[in-house]
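Encoded as structure tokens, here's the structure I'll be asking about.
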Amino acid sequence: MIGNDRLAVRKTYKLYVNGAFPRSESGRTYEVTDAKGHFLANAARASRKDARDAVVAARGAFAKWSGATAYNRGQVLYRVAEVMEGRHAQFCEEVAAGEGLSASKARAAVDAAIDRWVWYAGWTDKLGAVLGGANPVAGPYFDFSTPEPTGVVAVLAPQQSSLLGLVSVLAPVLATGNTAVVVTSKDRPLPAVTLAEVLATSDVPGGVVNLLTGDAEELGTWLAEHADVDGIDLTGAPLNRAMEFEREAAGTIKRVVRPPATEPDWTADPGLTRMTPFLETKTVWHPIGL
Amino acid sequence: MTHVLDPDALSDDARALSVPLPPYRDVTRSDSAFRAFLHGLPGVDQVGAEARVAQLGTRSIKTTSKAWAIDTAISMVDLTTLEGADTPGKVRSLAAKAMRPDPTDPSCPRVAAVCVYGDLAGVAREALGDSGVHVAAVATAFPSGRASRAVKLADVRDAVQNGADEIDMVIDRGAFLSGRYLDVYEEIVAVKEACGEAHLKVILETGELVTLDNVRRASWIAMLAGGDFIKTSTGKVSPAATLPVGLVMLEAVRDFRVATGRQVGFKPAGGIRTTKDAVKHLVLINETVGRDWLDPGWFRFGASSLLNDLLLQRQKLRTGHYSGPDHVSVD
Amino acid sequence: MTAPTVPSQPSPFEYAPAPESRSIVDIAPSYGLFIDGEFVDGTGESFKTVNPATEEVLTEVASGSDADVDRAVRAARRAFEKTWGPMRPADRGKYLFRIARLLQERAREFAVLESLDNGKPIRESRDVDVPLAAAHFFYYAGWADKLDHVGLGTRPRPLGVAGQVIPWNFPLLMLAWKVAPALAAGNTVVLKPAETTPLTALLFAEVCRQADLPAGVVNIVTGAGETGRAVVEHDDVDKVAFTGSTDVGRSIARAVAGTRKKLTLELGGKAANIVFDDAPIDQAVEGIVQGIFFNQGHVCCAGSRLLVQESIHDEVIASLQRRIGTLRVGDPLDKNTDIGAINSAEQLARIRELSDIGEAEGAQRWQPACELPDRGFWYPPTIFTDVSPAHRIARDEIFGPVLSVLTFRTPDEAVAKANNTTYGLSAGIWSEKGSRILKIADQLRAGVVWANTFNKFDPTSPFGGYKQSGYGREGGRHGLAAYLEGAEQ
């Protein structure tokens, strides 16, 4: 980032809430270093109130996003991939620095992350056929089932894989029509903030995705307890707190994705496993008569 | 006998009658107003109506209730013969049966009426005398109704003159299905006038109207036009008196009385052959419109073979054992 | 005209009693637990189950202790590993077909027993509960050897031992909803029926024996909440399925937190039944009645909030009152009974309490004149008008024959009020306009939407809630996926 004789202009890394980039209302920041411990940036450390604001934003955006046509959602997600491609180099640098990867491995991770958006973009208008359908009930009724989004989903993103892992947990939540409040990797938040800039400049409506840099251990409790959160993905939760978060989530019967014992290989084909937990099935009956 | 009339020339009396009861005075002021009114009636969901009658069909009628139901049903029968081969002899034997359905049991009630073609109404009248059994005659170019209005009205007058005190007319289904509701209405008004003192039953021929929405609209046309009874069918078209049709027509007479204060009777006809069928209709009345209609003044069965099954069941209840066709009379 | 002779009998058409014969069922003086293919004594205290229509004690039933539950889970694990798991899928299917047929053969017996133990009218147990239970087994039987075609991932595997806890409102039917898909997917089960309605589950155990189902595949452990807790919390249970109250659902979700157990919950509801001014009114009135008075309103998906368009409110209420006046409340075994007994004294107390609160909060209570039997637990069909969305009777699940009537003016208001609940199990829409139905159905946050009908169920049709009405679906392919690993729901 540093040119030959020019002093670079550094970026201030902020939160992404309701389509805007606020600092944490708490005023807190924390130091982010690269894999070797060198200073990279100060990131905003989101607070309970930032989480609350993010949930309000996600709830506000839900009706429009879930009500958009599947074709439209697919195009919006594809657009995210397009815009990411334009920032390919920046993502590579950030991933390499944060995760300590070689340039080629970082590039592979960024490529995979972009391709994952494309993959999910293609899913939006297939889910109805794959997960829904007409039910041949024993009576004079037309009866059909359709998958519908759960609502506002809190996502504790993976701690290790700062971009591919993040996209792998976020894109399925969006593809299914949910809106998201994401707590990024605590130690490797920078690609997430850059992703926020991509989202802000693509066609994703404000509030559909809200990205909070900070500590999943701290924010997880507030999100798990929050009565206006409908589901929570605990993938990036600290293992010693996950059970507690799940218990808190039970208070309002949230849909919960439990954390894996170790972070999975994010390059593997995810199938439907990350979409179905945040889909509801709605079944509609109507008589057939003259 | 026939009278040649100008079909458009309603008498002053009929014009007065042709204005429906409040609050419906203005619904027949034009074709479009009438159409808007009829299409503004609540729709009928066929599946829901069928489910309702199926549920009522599970009512289990036992012992004293069953005895009451059978006697009530007998007293509600319009004992009918409507064949080209009908003769005075056939009508006389039917009349005899109508007055004493079970010759072995004087406690058996007589039926409500004998129903015949108009030319035989006189025979029926003579045979029935002052028994209290009514003479019903079908008219208006029964069963198709395809004749000029003049002929239909002449048909009615002829039947009344021959001694019928009840007229079973058919509506013009062609006019109904082509949306000429006012024509259907005015014809009923004219027939009502031609009936004079005779009671008018208006046959909708629901098997040709097909949908339950149409059944509801036709019921309202007939009631607004002054029909004393609405009747499902001629018996010449299938399906005839189905239970869902009965449900919708009973809802119509119920709602009409609530709105206007005038009670209209209901007569299912055609396809009701067994005691079980008859009891299902009685249950339907009981739970849809209530006891006010559980009376031959307000409810009739148009049937022929039904009576014998009612008599067999009646014998079974009385004697405790089953019987057979040789224990009731061949009609 | 002169009226023809009217029969001399009194004119009101009073139906004489038409009781279904009770002699078809043979209730033993006491029952043990069904574990590993045998009826065994429980080690806990036994408890009585009563006929809620008479308060007569029907029999004594064993209460499963922790040790009993452990024995049942071990039997289920053995069966999963040794017999049911390794069995050819087609043979598993054939056992389920057998069970379906046996349920049909013994349908009348099940119906009478269900009405005795639960208090529901025989018309419903005979025409709804038992035939649907058999249909569920028949439906899932066919899936057993087609799991690769569930359509969601290849070679799905069963989860292992399913611990299932079911409610008292549809005892046999809820058993079927749980047991049939679990077994079809290759799992074995430990099922705990509700404390007040254990008898049809025990008769089902007998059916399992008649079907020669291998020992341990189905284990039935009767008891109260503690027995259910032991099933849910047992370490060797892989899957928990629960139908019941949202409060208990919450505690179960907490109990399985941090474990490997998969969980599906089918919980409470407070469904809106929305009647637009262009509705087929007579059918809508039937649907309202069916929605709230079916099974005495002991239905999680009951249409307990009537949302009626203001312009037709008075007309609908008048029709509804007239219709409710024809409902026959009384002996559940009488074939003409429409509304039977409340299942327990406890439930009756809750219904009374919430109804009293409704009145105290200013809603207008209406009940038809109806004579209730002296003994047993009874509550007349009840409607509350002038209900505000803030009233408790508009928010809390009453689980009884009590309807709260609210009004709306526009479709948007209807949707907003319908969705204004923490529940999301079901909803109803009555309108003759197709496009409106589809629009409203789309906007309602509820798992089942009945348009121009209500309270219809079918084994092919997924059923389950949004929000705090639970998660997971029962019925159809979705219901099967809840018992498989590697397959999606």
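Labels for the chains are A, B and C, by order of writing; each one numbers its residues from 1.
The criterion applied here is as follows: a contact is a pair of C-beta atoms (placed from the backbone, for glycine too) under 8 Å apart; a residue touches a chain by one contact, two chains touch by 3 or more.
Treat the numbers as computed from the prediction; the structure is a model and nothing was measured.
*Asks:* What is the identifier of the chain with the smallest separation between its Cα mean and the overall Cα mean?
*Replies:* C
*Asks:* What chain is the most remote from chain C, judged by the mean position of CA atoms in each chain?
*Replies:* Chain B.
*Asks:* In whole angstrom, how far does the Cα centroid of chain A sit from the Cα centroid of chain C?
*Replies:* About 37 Å separates the centre of chain A from that of chain C.
*Asks:* Hey, how far is the Cα centre of chain B from the one of chain C, in Å?
*Replies:* Between these chains, centre-to-centre, one finds 44 Å.
*Asks:* What whole-number Å value describes the gap between the mean CA coordinates of chain A and chain B?
*Replies:* Each chain reduced to its C-alpha mean, chain A and chain B end up 70 Å apart.
*Asks:* Hey, what residues on chain A touch two or more of the other chains?
*Replies:* In chain A, residues 141, 287 touch at least two other chains, as defined above.
*Asks:* Quick check on chain B: which residues sit in contact with 2+ other chains?
*Replies:* 45, 47-48 - these are the residues of chain B that touch more than one other chain.
*Asks:* Using the touch rule from the top of the page, what residues of chain C touch 2 or more other chains?
*Replies:* Answer for chain C, listing residues that touch two or more other chains: 452-453.
*Asks:* Give every residue of chain C touching chain A within the complex, in rising order.
*Replies:* 135, 151-153, 246, 249-251, 253-254, 257-258, 265, 267, 422, 437, 441, 446-453, 456, 458, 460-464, 466-471, 473, 476, 478, 488-489
*Asks:* Could you pull out which chain B residues touch chain A in their complex?
*Replies:* Touch residues, chain B against chain A: 45-48, 50, 210-212.
*Asks:* Could you please specify the touching residues of chain A with respect to chain C in the complex?
*Replies:* Of all residues in chain A, those touching chain C are 130-131, 135-139, 141, 143, 145, 150-151, 230, 242-244, 246-247, 249-253, 255-256, 258, 271-273, 275-276, 280-287.
*Asks:* Considering only the defined contacts, which chain A positions touch chain B in the complex?
*Replies:* Residue list for chain A touching chain B: 140-141, 287-290.
*Asks:* If we count contacts the way the header does, which residues on chain B are in touch with chain C in the complex?
*Replies:* Answer in residue numbers: 42-45, 47-49, 51-52, 55, 58-69, 71-72, 74-75, 109-113, 132-134, 165-166, 199, 247-248, 251, 282-283, 286-287, 291, 294-297.
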